[in-house]
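One chain, chain A, appears in both complexes that follow, with chain B as partner in the first and chain C in the second.
Moving on to the complex of A and B:
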């Protein structure tokens, strides 16, 4: 199946219902939501740090999956459409689980760093969802309990593990592939070795390989897409 | 040599393959902890006996302190890397690990794993509006809806997710929905036939 056929199929499958999004007042179709999740998934997969959560879209898509499943159950089981729809649902479900798994991995690896960063943000623009936050806190507590089991057998002046030593930081200067959704000018690339800065312009639909730290804000405002 | 046992622990992990958890090396850990204790005691003794001309003893103190820190770091690295492997296994096999794997864990690691399972389960329950999403399913991108599987054990009747009952016999081959058999494959009940 080529990409256009797949897109066609997705549109057909998702046409069932239009969905309201309260926060931005514009009407999103299930197709749009899926596209948002697909983009978020790619961004999350390729960025070194954790990105703002998309819980509302994930929730919406899961609701939609449930709805589609009930639609499928009305079809005759011998109908060829059933298998095609089911397969499509499997693909959507894979994207969602893979996206959430990817976030979970980052939360576990960078737990201390992520939580430190979260405390500097106010509750509206948190990067983690409530349940992810709870998971992160529990993960750290659990890790501390485990480390303490051996630390308390050490001489007293070594029994604590200082926070900086626990923190694993993502490498923000790692290089990422990206495509510009629209033209962005004055992107500043820092050259750490020669200690100077360089300005570049990203043309619409052009692809680049740049350090993550120079493009991070453009990823967050959706002007560029990681590949 | 100072710290050789601690480094030995790290090497031991390095030498085993990533998808196994070697037995928890209680003996070596005890030796390292003993070494730490004696290094610490020696340092305390030096501090107490050479109160007046500390400068002379400074190097001895510093070397021991470095060694203490190195030991601590190695021990924690040993624990942390083991946890990473245990976690990897937990994602591959499921929440219940076979007894022959668990016997390699320390009591604290078992405790950690059960806590981890609890938080993971409660996290997965809160995803989405309909009471959760199992992140342990759909681990690989779907290539086809149905897969051919062979049963490795005589398990008899089991119930699938949609309430359908099937009978699995040893060495028999079945064509099943991927979503139905993924968990069974991880548990080693079914084998994917290519």
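Moving on to the complex of A and C:
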């Protein structure tokens, strides 16, 4: 990633912060939002690449938690309800932090690849949230500074590190477990061994082991759920 | 994924309890409303709450319908006679059983028999799973159907099966590219040799 691309990303980042986010507000209950986050959490855990962010849901849930906490503070601390509410909030917070950590781990691991992919997407269908994007950009800058400071001490012919050497890519063909939320026909599996293709049909609620690349679009449109 | 996280997910499933306290009104949890609690009247709550209340001795947990010696005996027989995996009475049968027996052993009828039966079921299924994984990998298949396997069972083969398949995949790709472009491999070895010799010579000169 060269500096002009980084600058471009940073500029877009600033623009995004100005945009209002209320365009995709549907009538969802807190329970629905929680379910969406739980599914996103599992998908993120098991997919090799980073998936589109769910910031609007995560933010909504964090708001909800804050609201609940302020309500709890009005109750007497001896009230059994307080423990029940707090217990649930802890569980939800665990899911959210685990989800976000999982994404950060992937960003760090595939930093160059992730940012390169992000530059090809326009601002509406970004995979990273604004703060994740900022994190990724800064991470790469720091990594570059770090590499530069070390490479200076190397023999002259080893002082440059080619970009591809720093780039780790997720294995998009790696195998994943999944369950079909609805029937999906004509899923194409490429057989890299023999250079042929196989077609399968996923019936509703059936479970499968498939290469990630065969089902990537079905994960994004929620027809299948990773397990 | 850590098995404790699957236990965490299993704790979301519902269970019937008999509370030992009164609480007017409904509790509006984010994951849904529960209540009201009336001492002696059964109601359905998430497992995590049931276990928590039970630990504080504020409720009694009712044995779930499927956690029944006769039914499990039947299930075990069915699993034994079937070549394929049969549908389990609960998506998290092992986790729920273990949690209940740990926290509310006294509330479960014939707890020890249940424990043995569930363990037998699990062992039977896992050994079936291992042998089918072996057949699958040897057959060189690229797609496997895993109906009726529970999340914990799938997780038990996670470190092994997908990794093994990925490894096979990359080994096959490597052997392909080696036969196709043997020239380029030679080139890289030659390059490496020159760097090595350069390095050694520069070391000599500096010392």
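What we mean here is this: the second predicted complex is superposed on the first by the 198 of 227 C-alpha atoms of A that agree within 3 Å, B and C clash if a C-alpha of one lies under 4 Å from a C-alpha of the other, contacts with A are read in each partner's own complex, and residues count from 1 in each chain.
What we mean here is this: a residue touches a chain if its C-beta (ideal position, glycine included) is under 8 Å from a C-beta of that chain, and two chains touch if they have at least 3 such contacts.
Because the structure is a prediction, the values reported are computed rather than measured.
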Which of chain B and chain C A:66 touches, first, second, both or neither: first
Partner chain(s) touched by A:188 [first = chain B, second = chain C, both, neither]: neither
First, second, both or neither for A:87, with chain B first and chain C second: both
Touched partner set for A:30, first chain B, second chain C, both or neither: second
Touched partner set for A:155, first chain B, second chain C, both or neither: both
Touching partner for A:174 - first (chain B), second (chain C), both, neither: second
First, second, both or neither for A:217, with chain B first and chain C second: neither
Overlap of the chain B and chain C footprints on chain A, listed as residue numbers: 83, 87, 91, 94, 98, 155, 157
Sites on chain A touched by chain C in the complex: 30-31, 34, 45-46, 61, 64, 68, 80-81, 83-85, 87-89, 91-92, 94, 98, 155, 157, 171, 173-177, 189, 191-193, 198, 200, 206-211, 227
Contact footprint of chain A on chain C as seen in their complex: 1, 5, 8, 21, 23, 27, 29-32, 48-49, 52, 58, 140, 142-149, 151, 154, 158, 161-162, 165-166, 169, 172-173, 195, 198-199, 202
Residue ranges of chain B touching chain A (in the complex, touch as defined): 29, 33, 36-37, 40, 68-69, 72, 75-76, 79, 83, 87, 106, 108-109, 111-112, 115-116, 119-120, 122-123, 126-130, 133-135, 137-142, 144-145, 177-179
Contacting residues of chain A [partner chain B, same complex]: 58-59, 62-63, 66, 83, 86-87, 90-91, 93-94, 96-98, 100-101, 104, 108, 130-132, 134-135, 138-139, 142-143, 145-147, 149-151, 153-155, 157-158, 161
